[in-house]
Amino acid sequence: MGRYVIRRLLQMIPVFIGATLLIFLMVNVMGDPIAGLCGDRQCDPATAAQLKKEFGLDKPVWQQYLTYMGNVFTGDFGTAFNGQPVTELMASAFPVTIRLTIVAILFEIVIGIALGVVTGLRRGRPVDTGVLLLTLVVISVPTFVTGLLLQLLLGVQWGWIKPSVSTEATFGELIVPGLVLASVSLAYVTRLTRTSIAENKRSDYVRTAVAKGLPRRRVVTRHLLRNSLIPVVTFIGTDIGALMGGAIVTERIFNIHGVGFQLYQGILRQNTQTVVGFVTVLVLVFLVANLLVDLLYAVLDPRIRYA
Amino acid sequence: MRGATHARWAALAAAAALTATACGGGGSGSGSGDGGAVLSSSWGDPQNPLEPANTNEVQGGKVLDMIFRSLKKYNPETGAAEDMLAEKIDTTDSQNFTVTVKDGWTFSNGEKVTAKSFVDAWNYGASLKNNQKNAYFFQYIDGYAQVHPDGGTQSADTLSGLKVVNDKTFTVKLTQKFSTFPDTLGYPAFAPLPQAFFSDHAGWLKKPVGNGPYTIDSYTKGSQMALKKWDGYPGDDKAQNGGVTLKVYTDNNTAYTDLLAGNLDLVDDVPAAQLKNVKADLGDRYLNTPAGIIQTLAFPFYDPKWNTAGSAKVRTGLSRAIDRKQITETIFQNTRTPASDWTSPVLGEEGGFKKGLCGDACDYDPAAAKQLIKEGGGLPGGQVKITYNADTGSHKQWVDAVCNSINNALGNDKACVGNPVGTFADFRTQIGDRKMSGPFRAGWQMDYPLIQNFLQPLYYTNASSNDGKWSNKQFDSLVNQANTETDTAKAVQLFQQAEGVVRDNMAAIPLWYQNGSAGYSERLSGVKLNPFSVPVYNEIKVG
Amino acid sequence: MPEPTPPEHHLPGAGRTPEDGAIADTGMGGAMDLATAEGETLEGKPGGPPGTGPSGRDAGGASGERARSLWSDAWRDLRRNPVFIIAALVILFLVFISLWPSSITWMSPLKCQLSKAQEGSQPGHPFGFDGQGCDVYTRVVYGARTSVTVGVLATLGVALFGSVLGGLAGFFGGAWDSLLSRITDVFFAIPVVLGGLVLLSVVTSNTVWPVIGFMVLLGWPQISRIARGSVITAKQNDYVQAARSLGASNSRLLLRHITPNAVAPVIVVATIALGTYIALEATLSYLGVGLKPPTVSWGIDISAASPYIRNAPHALLWPSGALAVTVLAFIMLGDAVRDALDPKLR
């Protein structure tokens, strides 16, 4: 186990280098960011050249990449076009996004798995149909609309919440945004759990457990659920990235200055330093998340072993 | 992910918010108000560091407008340039100017505003090594070519055309006659700068210090800026409130919702989707006032297909196929007005705005449109593609509407289609590289309220914003004549003649004039927008 | 769709009891409501017993019964499953209007009168008008082609590519697994917006293929992970170990024993992803890199109507409803296929 973890940690190095290089190249391919800095006007050529020099854009791409990586290892992630250090941007964006992601994942785990278990045990009953219809609504109505309607209803009509999240972005303020963010993933988690539960409900060990006269609750939680969780855990592992880096719509609606928003801005403004910096951190998050998921497999199903 | 960035920076031209505000305090507001109360207002993260000569978008411009006062200021209602820090600006030949600075002005850190404060600031703004994006504002000053050469290294650090005579006086020598030069000095790039700007640049950027009615209390990049009233402000346009808190919003729709919920006092950019509800939501707490912005469709004149003998007819035909009235009513809910010339109503009749100058060419007439396009040789390639950038503003909507209007007029479903480009930078790059193959979105926000600013930068041969590379000798010579003309009325007349040349060739299709729109809470009174669509903060009363 | 017609025959001992037939029979009677339909699946007797089912063909092949593969069993079950039949009918209808949209419309989807923008239902325009004054009904019908093509093909591509790669990685483990998993990590790191702007902006073709290709490229890692996880679990099962010790080949193990037991989560994720891909197509269009105007699709209409939800909810409702029905059909189809593949339900 220990050796497995160490091996996985070592594998992070090539992934890290590969991902940063890929993103670096991609942002570079997008073209000349300076052209967008002067409004609806041609930048005068001298200033444009000077700006390129300042941001190091006049050098060949490989050299830019090496310089960048060199700086990254000394903790310098460069500066955004507005003169703000990228580390400062990250320091303000990541804590908020991490809190938002935690809220969303809690929703996925608590509500998603609960609904999944209920519907899996009661396939075909009204509750199952009801949840299926909710799932369809969540998939076919854009988060933009659900977010906006919730904001108007809860924030303006009923005054239960503040429509926008303040700079502190406390957990309390993030409950509604977290729910909106989690909504589509909730659909996945619910249906995955439902299917697994329905499948495993007929398996021998559950029959045995029932036959032994174990209380229903114990059968469901200890035997049925535990064995049904692997696909769900896998899904949530893959979803962390989408939640952290892709929460653009939710973050915009609720005025959350998080990773998704900053990344989106950085991409549109072709700000290599911001984009690569943020993505680099996200890659590390995926790597750790996936490692945890793989380790959880062994916990959930003791037959799975890692050498 | 769908997210129109409503940050206006892209839609707007290099300039923005430069207002100084009306003298005489009081404003038009009713009610007495609490002079100490602070209001909150929506904001977007400035795109550039907050240096006066480096700020070319409206969000940074808002702040400069509050913390700086220049030699001139533009009247928030009429847009006329009035003396602010300038005691007088004298000239005999429209080329050499002597500027006298008023006594008694200081920066909020106590430092006196002198002739040197201006000269140092202008030299800084013009110098290539400082990367100031508005450097070209100093291009008419003698010595600019040495300080800011088009290529290579600069051979001088200061403009030879600027000389400090004494504490109160300095002289400006221009490279050519430019009779309205003093009227351009209200632009924030011309603001004076304190010594602290040069001695502790990083510190100044964290918390800029200026000479305007407000001082910056705290500034958290990316989230908010708290400005408070500067009690020692020497001007007569003192702040009528205790301060302004600018809050950065990720989306103007969120700001609007916050206004409805009572968490925000002022939104200066009502989202298009809410315009239909704004009366029901806010009643009369909604402003919709003309701003110095015009939207046009420009054409690639470097493409031979658009530069044929008959292409002017095709362009005029396209112009006549666009139902401007219907589009401004339905898509923009009357926050834009159909254009009938190439300037803006904020200039006023005297300033050169002439309603109906476009004549028939801007009237919707499907039959005439069809006829003209046929006479002109038909649409190049059988189809026009209107190129726009998809990342800012909601351009898709009006481009689709314009295309539908053209398609309906020509009776062809595919005569016109939109052609989105992913990012603004890419859009600008394609324009710069002359890769446009058909009409493209062009927007112009005036730098200063002069008819010259609506024509010369856009249509003069090789001018900085002449994106279509249109070139016409007659137009150029009329503009040159107008610039040397010292009599304003005559100059305006010459500019209007030049505008007639633009019309006859349909160098760009004028679409509509844009208004500024704002909504505010019940606590506020005396809210208005200046011609640059920026709220006149110092006149707002709270309570 | 394959059309194997194995002889139908049920041995009483094959896990069916007479009561099952009774229940299934009432279901066949046409109560098409979802709860009932699902209820039958729940009870796990989707097919009718011999003689009562609609295609209760006799079979001379009682002896061939044992030799039948799991897959043909599944097919036989499917054909009798009302859930499957409804889903298939809906999908057939979608295919029909995708191919011949003009058969049930009478206007061009590109004909728009701005003066009618956002107006509600009126004679000749049952669903009203959208923000540009186009007829919502016509656009919903015409939008099916793009949306269904993109959704179905992208889902198929992602599901096949992802589950093959993920399944193999999970089955063989070791270095291949590490390599593949790390590659998925890199792919996860690419933000959709960046990927779209970079990869799609260089493409000039205005067909659905670049968009589908892009979705497959960015979508496969997720399914791959899910498939890998399920295969890792499935291969621990006793019957797999037993088959292995009996000398079954890898391919036999994978096809016969592991796939049917590992496919459920893939189906679940894929059917939901279908809906999200249809929406993603709109996001790409919104970014200016997807399908260029004047393409008509549900996603584009949904995203155009979204900001106006307060004023013209109908313009959002209809394309969203069409999307929901499509997703529902595929979810039902997926459920039916999964049930058919699960021997425990048989």
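For the reader, a short list of remarks on this structure follows.
Read from first to last, the chains carry the letters A, B and C; within each, the first residue is number 1.
As a working rule, contacts are C-beta pairs under 8 Å (C-beta built on N, C-alpha and C of every residue); 3 or more make two chains touch, one makes a residue touch a chain.
Treat the numbers as computed from the prediction; the structure is a model and nothing was measured.
Viewed as a contact network, the protein chains are fully connected, with every chain touching every other. Nearest to the global CA centroid, when each chain is reduced to the mean of its CA atoms, is chain A. In this assembly, the C-alpha centroid of subunit B lies 51 Å from the C-alpha centroid of subunit C. In this assembly, the C-alpha centroid of subunit A lies 39 Å from the C-alpha centroid of subunit B. Averaged C-alpha coordinates give centres for subunit A and subunit C that are 24 Å from one another.
Residue positions of subunit C touching 2 or more other chains: 192-193, 197, 201, 303, 306-307, 310.
The residues of subunit A that reach two or more other chains are 30, 142, 144, 148, 152, 246, 248, 264, 267-268, listed in rising order. Within subunit B, residues 1-2, 253, 391, 423, 426 each touch two or more of the remaining chains. By the touch criterion stated above, subunit A contacts subunit B in their complex at residues 30-47, 49-51, 54, 81-84, 88-89, 92, 142, 144, 148, 151-152, 155-156, 159, 162-164, 167, 246, 248-249, 251-257, 261, 264-265, 267-270. Those residues of subunit B whose C-beta lies close enough to touch subunit A in the complex are 1-3, 5, 9-15, 45-49, 56-57, 128-129, 131-133, 135-136, 148-151, 205, 220-224, 248-251, 253-255, 257-258, 260-261, 263, 391, 423-429, 431-432, 442-444, 457, 464-465, 467.
Listing the residues of subunit C that touch subunit B in their complex gives 108, 110-115, 117, 131-134, 192-193, 196-197, 201, 282-283, 286-289, 292-294, 303-304, 306-308, 310-311.
Residues 7, 11, 14-15, 18-19, 22-23, 26-27, 29-30, 123-126, 128-129, 132, 135-137, 139-142, 144-145, 148-149, 152, 184, 187-188, 191-192, 195-196, 198-199, 202-203, 230-231, 233-235, 237-238, 241, 245-246, 248, 263-264, 267-268, 275, 279, 282-283, 286-287, 290, 293, 297, 301, 303-304 of subunit A are the ones that touch subunit C when the two sit in their complex. Across the interface of their complex, subunit A is touched by residues 34-43, 178, 181-182, 185-186, 188-195, 197-198, 201-202, 221-222, 225-226, 228-230, 232-233, 236, 264-265, 267-269, 272, 275-276, 279, 302-303, 306-307, 309-310, 316, 320-321, 323-324, 327-328, 331, 335, 338, 342, 344-345 of subunit C.
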